[in-house]
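For reference, chains read A, B, C, D, E and F in written order, and residue numbers begin at 1 within each chain.
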Amino acid sequence: MAKRSSKTASKHGRALKPRTQATAGDDTVITALHLPSEKPSPEMAAYFAKCEEKLGFVPNVLKAYAFEMTKLSAFVAMYNDLMLAPSGLSKLEREMIAVAVSAHNRCYYCLVAHGAAVRRLSGDPALGELMVMNYRAARLSRRERAMLDFAVKLSAEPWRVEEEDREELRRAGFTDRDIWDIAAVAGFFNMSNRVASATDMRPNSVYHGQAR
Amino acid sequence: MAKRSSKTASKHGRALKPRTQATAGDDTVITALHLPSEKPSPEMAAYFAKCEEKLGFVPNVLKAYAFEMTKLSAFVAMYNDLMLAPSGLSKLEREMIAVAVSAHNRCYYCLVAHGAAVRRLSGDPALGELMVMNYRAARLSRRERAMLDFAVKLSAEPWRVEEEDREELRRAGFTDRDIWDIAAVAGFFNMSNRVASATDMRPNSVYHGQAR
Amino acid sequence: MAKRSSKTASKHGRALKPRTQATAGDDTVITALHLPSEKPSPEMAAYFAKCEEKLGFVPNVLKAYAFEMTKLSAFVAMYNDLMLAPSGLSKLEREMIAVAVSAHNRCYYCLVAHGAAVRRLSGDPALGELMVMNYRAARLSRRERAMLDFAVKLSAEPWRVEEEDREELRRAGFTDRDIWDIAAVAGFFNMSNRVASATDMRPNSVYHGQAR
Amino acid sequence: MAKRSSKTASKHGRALKPRTQATAGDDTVITALHLPSEKPSPEMAAYFAKCEEKLGFVPNVLKAYAFEMTKLSAFVAMYNDLMLAPSGLSKLEREMIAVAVSAHNRCYYCLVAHGAAVRRLSGDPALGELMVMNYRAARLSRRERAMLDFAVKLSAEPWRVEEEDREELRRAGFTDRDIWDIAAVAGFFNMSNRVASATDMRPNSVYHGQAR
Amino acid sequence: MAKRSSKTASKHGRALKPRTQATAGDDTVITALHLPSEKPSPEMAAYFAKCEEKLGFVPNVLKAYAFEMTKLSAFVAMYNDLMLAPSGLSKLEREMIAVAVSAHNRCYYCLVAHGAAVRRLSGDPALGELMVMNYRAARLSRRERAMLDFAVKLSAEPWRVEEEDREELRRAGFTDRDIWDIAAVAGFFNMSNRVASATDMRPNSVYHGQAR
Amino acid sequence: MAKRSSKTASKHGRALKPRTQATAGDDTVITALHLPSEKPSPEMAAYFAKCEEKLGFVPNVLKAYAFEMTKLSAFVAMYNDLMLAPSGLSKLEREMIAVAVSAHNRCYYCLVAHGAAVRRLSGDPALGELMVMNYRAARLSRRERAMLDFAVKLSAEPWRVEEEDREELRRAGFTDRDIWDIAAVAGFFNMSNRVASATDMRPNSVYHGQAR
């Protein structure tokens, strides 16, 4: 790469200072707030261990919440219920909502972490890219499109969501319980996107290369 | 009232159909989704009982989540930590954030329920109105104003919140932990506003008259 | 109240400075502009007397315009024609438009004064709240909804109002004269909202508690 | 012109239907609402006669309001006070505000009628164009620029106008009375733009060619 | 004109400094960037001569690009193909798109230069004004309206343009090749508007009076 | 993948139809318009051959323009000058502008193709992601940040770009010629984004995996 850069530089008649990485420090300085971690509770210590075992790392969002165990376990409980518990929505569908909402809010942390999840769960790396870039450009089923249209309208103009929007979901085959889950996942990422942006939360760099 | 209406009608030369209440059914049909309540867990049954005892009623948002105990307890755990646990932000400050964010998102449920909380905690009914209408018009301390400016920018354009915004909070006297709490409360209501709007959640009518 | 505050403070481990009222001075310093009142003309003096008699006070907007009698009478003439003269729209309907438009523009003065009017004319306090918060969440007749949709679109994107929008009003039962009146009331509050915001106009504090 | 069109058509291989004028009917069908004119009051008849004498025509906005004399005289009284009475703002400055606000709201009627006024009062036809197109591109004095920045912010986001905005006007040399007048003129055109857009009001075609 | 100004001034009780022209320097200082012109290539010198001969002047945009002949000829080649080569769209239609897009982007240079072109090609001066002010207010054919709606949506929210928008154009009689041309012209002016705004590009003053 | 999906499905109690790829057909149906390619001119045939040789494929955007050689060569001439010719901006900087602008406009084609270019030229895959997601979250030099802030403001609100914005670039070390180049690249992608969105242009699938 250095070679390519210096060639470029000579062509353009100016010296290029070598770039420092755009993501320098992402794995070590997780947020812009100085909040020392609390001693993990046994439950949370076990959860971190499980992350290490299954993913090979602890997602930075968990480390960010670890300054207070009450906050960390509340977050984990809600997250795991929404994203992993049984639902009429598949895990992939829930991750697609996560990314489309995070794209609306242009949230670096969530786009990186959940973009990787979409790539992994779908086995279609480009689907992850499309959710980040513009879900409207993806070849989606009617069900997927209706779900994402609802989630993104709810993110952009929640005050304009009305019965007609719910009816559109029902026409696409969603039950009332499914509608709740779409709303709850979209709502959750509208929260997480803001906590991440407010604190400049940085994703584990390992996500970038996953499931490409 | 009927008398006033008919007088008006005769002046205008047209018959006025008597209005049905704008909030008809708010205490009975809590959302637009048909989700039968699950049998309360002992823990949640106790929590409902405590609500009845202390508030005189169970807030409708809890009834809305009661179709599944896991979801209800995750919501309650996060809510109680954010809004009631010790924090550098007073309870009133947290409720002011709740209402200013909900005003940005024009969320009927949250404006009614948390507007009442601002009135009650401040003893200043007009402060509740101002948070609903336009927090910029209230006579606030520099601290309060900085806090609400951050929370509302984070709601409107999270992608543009940067270090300078955090510095502004620090200059107004907030610690890094306070900044987390502002972000977390603002984030939480960006979630709740959307779950409420997505489901047409209706507030208990008793809130309307509280602490006026 | 002081007692509640100090209890809160001790729980949170920080001293709370007692809040000064968010509306301090609203009844005495009516705008941010120093414009001494002109001697009232006989006509305007009589009008003020009539306000005192019927309402118990002179609305601050009138005092704000009182620095010049020509401006005051022009404002009063237009206001009274639009809001009180015979029309196919009831007085309540005109006040609902006033508040929905003022909510779009987040105008403190107009939301307080006309929110009280909606509560008073409808006998339904929550209707006033709903117009302030999000008219789309109210249980309205088709006629009311069409009227407010038109008024709010006209406030938000006047350049996109076209024949199809007028047709929608006609289909909801409005005559061409009614359409003029909807437009004129919506237009008027788009003016008043801006005069009030430009001058930081403060509503009489008595409005806050009216017709709750 | 016909010749040019047919040449174009042959080059492009398709027949061009001759265009009907984009402003067809503007002088005869003044709004999209069917509201027959009321018999003019003596005062308004005299005013119309004065318009004919001084301008050579009656502005269509007056004809539009002429379905009811009360509304017409209220409009005329407010308009004449704001735009013609003594003020710290010159008539040209008031017309510049009128056009910059109407450009924000993309109002056909007001841009045509008041664009002509700016051209006429300034003797600088291009100034009229610039107010219509983008006032920020005009070579303006600091005073003019501050005045238009305030008026356009007040049109776009009235809820964000605060003391700092008034201070900026004061620093540019405006008195508190001037600030009222800027706000009142900006407010008035935010009203008129909406009445015009709501009714598809058409300007007298004679304006188009004036003072070019 | 000076006479009118001084009269105005005396009425308002303040001295009016005579305005310098809002477009002062437009014919001499073409952009805000100091980029000395390169020696014209023979091809571009011939093109400039042809402009002088046919139009009587060289459009300032060409002088702005003349600091580098490669950039100038690339611009000229693309411009001439898009705006002058055979197409299913007439030259007037292409200029209407140019102005409607430039109105969305409020671009002074392009509105002046292409507004003049619409006036000239249509023989309907008011059509030029309407494209600048609000194309929705013009009396247009269905074909013209569909074309401009597409071009302006593409300018405002390109990410929301989808098959349904193309279908609407097809229903209005456009071929796929026409759709390309609409997109290419709208795209081109979204580029030119930004180059002009970024550099404060000034139109030749002669345009203002053309074809009025 | 099938295995993962079916496991998921069984957990959730509903059958998941296997997804078709979100990018199905991207390499074969390049736009939504049926525009048969013209016979390549010798110059363009040579250019395509050079693409095949250097990149291993012909970028789809070139195939999309290939229905008419004049349009294709005009596009290629402008593109190559802007992105590859000598400039005070490095090639990487120009590609960073391309992606940040395309992210503002949420353009699938340009984000995929130019995101790959940023990854390749920087040797920092995450930099490509950051330009797509939110350039404000990247660790950038002051120069890079100023450049992207200008380009994105120019994309979002070109009418508000003024001398102060150019001054900010000069303070960050850019010459007037550099400012032209930033504007020209930003402008070009505001064009290309719209041509791509208008035609549903699909990127070569090979880009997705490049330089990860």
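Definition applied: a residue touches a chain if its C-beta (ideal position, glycine included) is under 8 Å from a C-beta of that chain, and two chains touch if they have at least 3 such contacts.
Given the structure is predicted, the values throughout are model-derived calculations rather than measurements.
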item: Those chains which touch chain F and also touch chain E; value: A, D
item: Intersection of contact partners for chain C and chain F; value: A, B, D, E
item: Distance-maximising chain from chain B - centres being C-alpha averages; value: E
item: Copy pair chain A, chain F: interface residue numbering same or different (half cut); value: same
item: Inter-centroid spacing, chain E versus chain B (mean Cα positions, whole Å); value: 49
item: Interchain centroid distance [CA atoms averaged], chain D/chain F, Å; value: 42
item: Centre-to-centre distance between chain E and chain D (centres being mean Cα positions), rounded to whole Å; value: 23
item: Chain F: positions in contact with at least two other chains; value: 106-107, 134, 159, 162, 200
item: Each pair of chains that touches, named by its two labels; value: A-B, A-C, A-E, A-F, B-C, B-D, B-F, C-D, C-E, D-E, D-F, E-F
item: Chain F-touching residues of chain B, taken from the complex the two chains share; value: 159-160, 162
item: Touching residues (chain side chain E, partner chain F) in the complex; value: 32-35, 67, 70-71, 73-75, 77-78, 81, 85, 105-107, 150, 154-155, 158-159, 161-163, 166, 176-177, 179-180, 182-184, 186-188, 190-195, 197-200
item: Partner chain E, residues of chain D touching it in the complex; value: 1-2, 4-5, 8-9, 11-14, 16-17, 19-26, 86-92, 103, 106-108, 111-112, 121-127, 129-130, 132-134, 137-141, 200, 205, 208-209, 212
item: Chain D - residues contacting chain F, complex; value: 134, 136
